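In what follows, subunit A forms one complex with subunit B and a second complex with subunit C.
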Partner chain A sequence: MLTIQNLHKAYQTHTVLDQVSLELPQGQVLAVLGRSGCGKTTLLKALAGLLTLDAGSINWAGESMDAVPSREREMVYLFQEPLLFPHLSVFENLAYGLRVRKEAEAQVQQKVVQMLQELELQEHAQKKPSHLSGGQRQRVAFGRAIIFLPRVLLLDEPFASLDAQSRASMQRLFLRLARKYNITALFVTHEVKEALLVGDRFAYMAAGKLQVYTSKDAFIADPQTGVRDELAFWSALEQQTTYQP
Partner chain B sequence: MTTLGQRLSSKTKAGAGVYLRAIFLLLAVLPVAGGLLYGLAYSFGLTGALSTGFTLQHWQQVWSSGALLSSLAYSLYIGLVAIALATAAALFLALYFQRSLRSGSLSYFLYLPLTIPAMVMGFLVFQLFTKSGLFSRVVYGLGWIDNLQGFPSLVHDTLGFGIILAHVLMAMPFLTLLFHAIYREQNLEQLQEVSANLGAGKSYFVRHIAIPTLLKTAAPNLLLYFIFILGSYEIPLLIGSQQHQMVSVLAVQKFQRFNLLDIPQGYAISVAFTLFVLLLLSISFKKLQRHA
Partner chain C sequence: MLRRILTAILITAILLPFLFFGVLSVGQAWFYPSILPQRFTLSNWQELLVGQSELQLSLLLSLLLGMGVAILATLAGFVISKEIARAKYKNRWLLLAYWPFVLSPVVLAILVQRFFLLTGMSGEVIGVLLGQFILAFPFAVIFFQSFWTYEILQMEQQSQTLGASAVYTLQQVLLPLAKPLLLICFFQTFLISWFEYGLTQFIGLGKIKTLTILVFKYVNEANIFHAALASLLLMLPPALLLWLNKKFVFRGI
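Moving on, here comes the complex of A and B:
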């Protein structure tokens, strides 16, 4: 269980995280919806240990993560850009986290080959990132992040730069692998549909404050999330299409 | 735009392209090719003050004396050691002094040596490392040697310490700034965050990501700087050994001797060196392209 209590972060007078608290059971995905600049990225980076907090505590399975450095925290932050290592092949990019952990070569080979199959990138194993499409690069970045089964996966609008088709395919891939590997994740997005699709639990963030909902219905019912507006838009459009003479 | 207008515009563009290519050939290719052909003709006895018609005699003399091969080997040794040391030092500065380089405080110390000409750098090394130089006097003053002659030969020495040092001092600032620019351009700061987040320490990142990325991206520049050192003249002339000569020094000596019959040999050495450099460039760039 991931437990976050009263996280606070400010840049001079501007508060970016304001008493953020949440609990997330293992194997569940928390979809965090919010507009640009609401503090979502800061929250994820703080969890990953890439930013220092002014106050608050982060616990995993009862163990404090506050003093644990980023490289030992096993909470992987997936950037908006794939940020693959440019001189390494797809295979070596995927193997990076395993090699860092000094896993046996046979294990590395077996896990990477399996991950390549999961990502449907077998034929691209020896290619360099510059020879891949945007969607393929994002898949490699995702595989590289989950291959060593981190405690928590922190996804910062990871599919925002993809076209609609690649995005839908990545969302399906994320859901399939999240279930298969029992991934605990915070999935930040500004798109209502994506949040509803990937989340087991739901939260909304605005001006550094995080509101976690008790259920999907409560999330949908809250007007500030914009879900109802979105639903109203689509049903109006559907009615127009249905009753057109 | 009308079809006629479009046709005229594309014709004008094509015409401008031809002129630009012609200007490039005139300014860049023609002087080099002309010089090479003239040197080749001179070395085969086809031109020059004492020309006697086509002969292979000058090339045979150059090969049989072994001077060209030994100076080429010496130049390669100096070039490889100097570029390796300068690269190692520059990598260290670029990787571990990122903040100082970004803020500009270290950059000023790096820009200054860039302004020093090779001749001045040669003199500087001579003044500092000769047996009667500054370091020798300091060491003598500290009582580490009994007299100034006890100071090791670091200038005009057979190992080329002075030449290597002067080249390292000249190359290091340039390479540091180059690596720093690549570090930023390749987004290595963010890649380090990614690497740390995946569980790697700084040294793992430096060994497996930063150094390979920097070296691979800078490879063409490193190769060109290596060739620049191979053909350097002023520094080896000032502080080089009497026994071993770098190629440029050997060639110029042949040109400037009183014996006019040596001049074709000077041209033969220059042409052979140029061909060697062209061969090195073509092989290296092919390899670099294959690994790109």
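Moving on, here comes the complex of A and C:
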């Protein structure tokens, strides 16, 4: 269980995280919806240990993560851009986390080959990232992050730069692998549909404050999330299309 | 056709000084209006290769200073440039790095002369090395700013969250990515040291005779055969580095 209590972060007089608290059971995905500049990235970077907090605590399975450096937290932050290592092949990019952990070569080979199959990238194993499409690069970045089964995956609008088709494909892939590997994740997005699709639990972030909902219905019912407006828009559009002569 | 002519002119322009100094370096007794020297001898070259001549010592000294300055400036520039790229007031620090070039090396030498006198480093190899480093280091800092982009810094953070230590990230990610730039910076800073005259003369008090200093000395003495040999030696390493640059560093770019 990931437990966050009263996280606070401010830059001079501007508060970016304001008493943020949440609990996330293992194997669940928390979809965090919010507009640009609401503090979502700061929250994820703080969890990954890439930012120092002014106050608050982060615990995993009862163990405090506050003093644990980012490389030992096992909480992988996935940037909006894939950030693959350009000098390494797809195979070596996927193997990176395993090599860092000094896993035996046979294990590395077996896990990477399996991950390549999961990502449907077998024929691209020896290619450099520059020879892949945007969607393929994002798949490699995702595979590289989950291959060593981290405690928590922190996804910062990971599919935002993809076209609609690749995005839908990535969402399906994420859901399939999240279930298969029992991934605990915070999935930040500004897209209502994506949040509803990937989340087991739901939260809304605005001006540094995080509102966690007890259910999907409660998330949809809250007018500030904008879910109802979006549903109403699509419903109206559907009716228009149906009754057109 | 035009391209071939231009290439031929370019190659001639590069090779002609080598040929000219090469002929002069093996010459002896050259009097007006003869086109070529009266006699040819390898004694100047023997002097360089055998025994401890002034020319041989200054060649070794120049190589030592060039390598020392290039290694120190490249390593320090790489590290400090990263800190500047991450700093809050990045532009202020960068402005400071431009300072030696705005002042000009000789004016800089006059300004720092007192420091070198007080520390007893004037007229010493270490003093000249430090003086040349004052020029090469800011160059390296400015040079590496193009490497430390936001994307590279994010990549470093990505490596950290994947579990890599700072050393592992440096070895497996940053150094392989920076390798071409590290080599170019090494070559450039070596050349800064190799051709440096004003600051070397001022801090070295004329006692530290690098190859560049020696060329000027021979020219002043009207010792054209030694001056030609020293000039030839002065031109060889940059030519070699340019060739290596073209062959290995820019390969695939």
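The definition used in the following text is that the second predicted complex is superposed on the first by the 245 of 245 C-alpha atoms of A that agree within 3 Å, B and C clash if a C-alpha of one lies under 4 Å from a C-alpha of the other, contacts with A are read in each partner's own complex, and residues count from 1 in each chain.
Everything below uses one rule, namely that a residue touches a chain if its C-beta (ideal position, glycine included) is under 8 Å from a C-beta of that chain, and two chains touch if they have at least 3 such contacts.
Since we're looking at a predicted model, the values are computed, not measured.
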Based on the superposition on subunit A, does the combination of subunit B and subunit C result in a clash or a fit? clash
Scan A:74 for contacts with subunit B and subunit C and give back first, second, both or neither. both
Tell me which partner A:124 touches in the superposition: subunit B (first), subunit C (second), both or neither. neither
If we overlay the two complexes on their shared chain A, which of subunit B and subunit C does A:87 touch? Say first, second, both or neither. both
In the superposed arrangement, which partner chain does A:48 touch: subunit B (first), subunit C (second), both, or neither? both
Check whether A:167 is in contact with subunit B, with subunit C, with both or with neither, and answer first, second, both or neither. neither
Once the structures are superposed on A, label A:96 by its partner contacts, choosing first (subunit B), second (subunit C), both or neither. both
Segment of subunit B intruding into subunit C (one of 7-15, 25-33 or 43-51): 25-33
In subunit A, both subunit B and subunit C touch residues 48-50, 70-72, 74, 76-77, 79, 83, 85-87, 96-97, 100-101, 144-145, 148
What residues on subunit A touch subunit C, complex-wise? 48-50, 70-77, 79, 81, 83, 85-87, 96-97, 99-101, 144-145, 148, 154
For a test of understanding, state which residues of subunit B touch subunit A in their complex under the given definition. 186-187, 190-191, 193-201, 204, 209, 212-213, 216
Given the complex, residues on subunit A that touch subunit B span 48-50, 69-72, 74, 76-77, 79, 83, 85-88, 96-97, 100-101, 144-145, 148
Which stretch or stretches of subunit C touch subunit A in the complex? 151, 154-155, 157-165, 168, 172-173, 176-177
